[in-house]
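Pasting the structures here.
Note that subunit A is present in both complexes that follow, paired respectively with subunit B and with subunit C.
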Partner chain A sequence: MDNLSDRIRAANPEAAQPLPERVMAGLDDIMAGRRVPQRTTGSRERVTHRRWRSVALTGAGLSVVATLAIFAVVLVMVTRPQSAVAATPRPLQLTETESTVQTLREGVMSVSTSDVGVGSTRGATWEGWFLQLDADKPTATYIQPQRTQVEWNPDLSGTSRITAGAPMTSEGTSIHPIPTTADQPGTTLYEETWGPGELAVPYPKSPPEHAAAMREYLNSFLDEQGLADGDAATAGEYLFAVTALLQVWTLSDAAQRAVVQVLLEAPGVEVSGATTDRAGRNGIVLAVDPTSVDAGYRSQVVIDIERWRILAVERSTIAGIPDFHVPAGSITEYTLWR
Partner chain B sequence: MIKRTLPLTVLAAMAFVLLAFGSPVAANAAGTGADVGMQARVDAVLAEYPGGVQIGPNEVSWESGGVILTLASENGQVGSRAVGSCGSGSFCAYTGYSLSGSKLSFTTCTTHSTTVLGAVRSVANARSSGSIKAKNSSGTVLSTINAGSSVAYAPSNITQLTCGS
Partner chain C sequence: MEALTDERGRDDDVEHAELRLAISRLRPEDALAIRLTYWDGFTAAEVAQFLDCTTAAVWMRLTRARATLRRHLDAQELAGRAERFGGEFHGQPE
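Right after this comes the complex of A and B.
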């Protein structure tokens, strides 16, 4: 049986009742391709009317088929838009902080830039949860994070793999047993390999490690994408550029500091508070004003002010997504970089 | 999107069609024989439930796309394959590169806005045939994604996906 039939049966209080033999035979015939068009020598209109009458009788009658049909309508078609609110993670809990954008700017600028560490490396790994707007699937009642690993080479070859994480509630509590509709943790959801020259990564050149150069680097991305005037980019636009960068490169400590400084020096950013992120790390939350680049969404950035690096980015819908039962203000995705 | 104003008898009939003719997954009509078999089944559906329009090798639409039937292949196997998390028969936009991030999926073969998703960074086409065009707000085609493939690093200013020509 297919998924739809399973769902119809699941909604039927008499689910244990088998389909009538006549229906099963017809279903088998169709699935096996044995059923042929039933055009006859009569006029199509007459045949059509006869068949519609038959269908109406079927629908109006008390047969099991009609019952299943109505349940199918109720379950799959009519009630779906009225189903439960989509499960989304709870927002981060904020506490007061004495930090301001100005003190953070001063803090990141006070760090010595002469330290020599490991440079940025090609490829990135991130974890997170991301809203899935899928009209063909029921609204998710749990959160299932995923982990993405991207590796690529100077010749623009590379690999990407996405694996499923462990399902949890909106509050972050693990769910046992795993919901039947969830992927088993560790399942590879997507894996792809690209040969030389096949990867069109947005940042082929190594990231710079000073703020001014990083700003230019990000401006070039925004210009290339036609997203913003690089000389007047906002924090939201820079954040868009940065989240793209962090999906391609693992930044060195110095490059991380440069990115944080660029964000703090751009217009449209303020401190929301302190928090513990979804990986249990303490950080300061920056609220970034929405931009036309990512219209309809508000972003928060969690930064580590000990090491001056981005820990997480969270995104929430401003007005909600009614077609998918996502209320205004809901978190629609979060990304963690370890 | 299924319209809620369909008469009950029509809905009942459609539900029966869905029950009888298989799950909403796409089929791979590879090969002439398979094509003929699939077309015969599409013809059977159209004859039995008039008012539908065939919109693909294995798809029939009623109510101006309000109801879509996608027939499974004759052996019950799913011919077209999912591309990443983009389900078979669908085409999808993602907020992250490499089919990561939030996803918005479509099954109806028409033009869809992706603005509800925000910025798009990758696109997948898990339909069994036909290409998807990713366009900006001016209608300029930024990427063309063939059936069963994806664009892992798409231009950032995609605002709509168009199925078909």
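Right after this comes the complex of A and C.
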């Protein structure tokens, strides 16, 4: 039995000394809104005061070394950035469509279910990019996506690998020669092998292939994440759950349809238009209302309405990120599945 | 019996101290993910929001950190056995 989690929990130094005064003062400033925690990797909204307070209070249990490490992170987070403008991908170009949420619901429900039972497969491959804002590094003037491949086994062992994609302009045009600050396309950026029980897969059980069961499956994930408050989940919350699912499972066609149906039947979704995604595929764009986790960010899902599968998920900042001169409406993250 | 309990308690204390030291030697962002998840009880979504990254990145950090801690514990256990068996133990960690 894997008891690593229990051993880590047991090592919690409950009675160690409290955080240093200057750290507490810094956290108090953040809680009071006098300082703004800076994004270190891009795409999330500011942490809430409640969360900072909780961290500050429970921080009394940290060892001195760990405390200093966290303090260093906080310091980085409040450092103000340089004046360069970060490159972001051009938003998807939309054209009008006659599709509505209702017609899409009817469409996905009308598909023959003769392929149910094929089953999804463990592991997933996706390509993506997210805005990285680091005050210590020059802001990139190009987009360099990454390709992630995750393979795992029922005993929660597996491998994960991230490789660099080809740099491109904000418009999606290839850049030649490769910028000197970019990674060579195909370069392995991260690779790890996990032993039995070591891979923290959010969905260890096989995904269901009917909408009702899929909804329950996703609800269980949201429950575990503390995102289901007893109310019916919104499309934004389901999208959060679905994105996590697609990072560990390659869904069968039936499971894909079930996911699309769950999204279309949830509150907080509407059709934005038709588009050609960043991989050159035609699809319908669904706009999803922000969630409490993603307040300040707008999400879009591109779906293929011939095969009823999710092609891509994109997020953009509603108000922009002024500290980094990122304008309102800029794309901060996209993920696409081939 | 009491002596045995005391010894077990000391072993636990030593392991906890070693584990805390190992956590402090992780990359700061990995250590923070471990601490927020296992010591403060935050969900992956909350940790993602706190660390300003995606949930997938949180899982990546956790799995990376857990693998490092696992290797550390295995090495410690192997060293402990070698010590108990007079330095002649050459088995694999469990």
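Remarks
FYI, the second predicted complex is superposed on the first by the 249 of 338 C-alpha atoms of A that agree within 3 Å, B and C clash if a C-alpha of one lies under 4 Å from a C-alpha of the other, contacts with A are read in each partner's own complex, and residues count from 1 in each chain.
The rule is simple: a residue touches a chain if its C-beta (ideal position, glycine included) is under 8 Å from a C-beta of that chain, and two chains touch if they have at least 3 such contacts.
Every value quoted in this text rests on a predicted model; they were computed, and no experiment measured them.
Subunit A is touched at more residues by one of its partners, and among subunit B and subunit C that partner is B. Of the two partner chains, subunit B is the only one that A:Q146 touches; subunit C does not reach it.
When both complexes are overlaid on chain A, the residue A:I305 reaches neither subunit B nor subunit C.
In the superposition on chain A, contact of A:V111 is made with neither subunit B nor subunit C. Contact with both subunit B and subunit C is seen for A:A244 once the two complexes are overlaid on the shared chain. Contacts of A:G195 after superposition: subunit C is touched, whereas subunit B is not reached.
Judged by the touch definition given at the top, the superposed model places A:T332 against subunit B, while subunit C stays out of reach. Residues common to the contacts of subunit A with subunit B and with subunit C across the two structures: 4-5, 8, 37, 39, 44, 47-48, 51, 55, 58, 65-66, 69-70, 72-73, 77, 130, 160, 190, 192, 194, 199-202, 225-227, 240, 244, 247, 293, 333. Within the complex formed with subunit B, the subunit A residues making contact are 2-5, 8, 23, 26-27, 30-33, 35-39, 44, 47-48, 51-52, 55-56, 58-60, 65-66, 68-73, 76-78, 80-81, 128, 130-137, 146, 148, 150, 160, 162, 189-190, 192, 194, 199-202, 225-227, 240, 244, 247-248, 293-297, 315, 321, 323, 332-333. Residue ranges on subunit C touching subunit A, taken from their complex, read 12, 15-17, 19-21, 23-24, 28-29, 31-32, 34-36, 38-40, 42-46, 48-57, 59-60, 62-64, 66-67, 69-70, 73. The part of subunit A that touches subunit C in the complex is made up of residues 4-5, 7-13, 37, 39-45, 47-48, 51, 54-55, 58, 61-63, 65-66, 69-70, 72-73, 77, 130, 160, 190, 192, 194-195, 198-202, 224-227, 240, 243-244, 247, 293, 333.
Taken together, the subunit B residues at the contact with subunit A in this complex read 1-2, 4, 6, 8-9, 11-16, 18-25, 37, 40-41, 43-44, 47-50, 67, 72, 74-76, 83-85, 87, 90, 95-107, 115-119, 121, 150, 152-153, 155-157.
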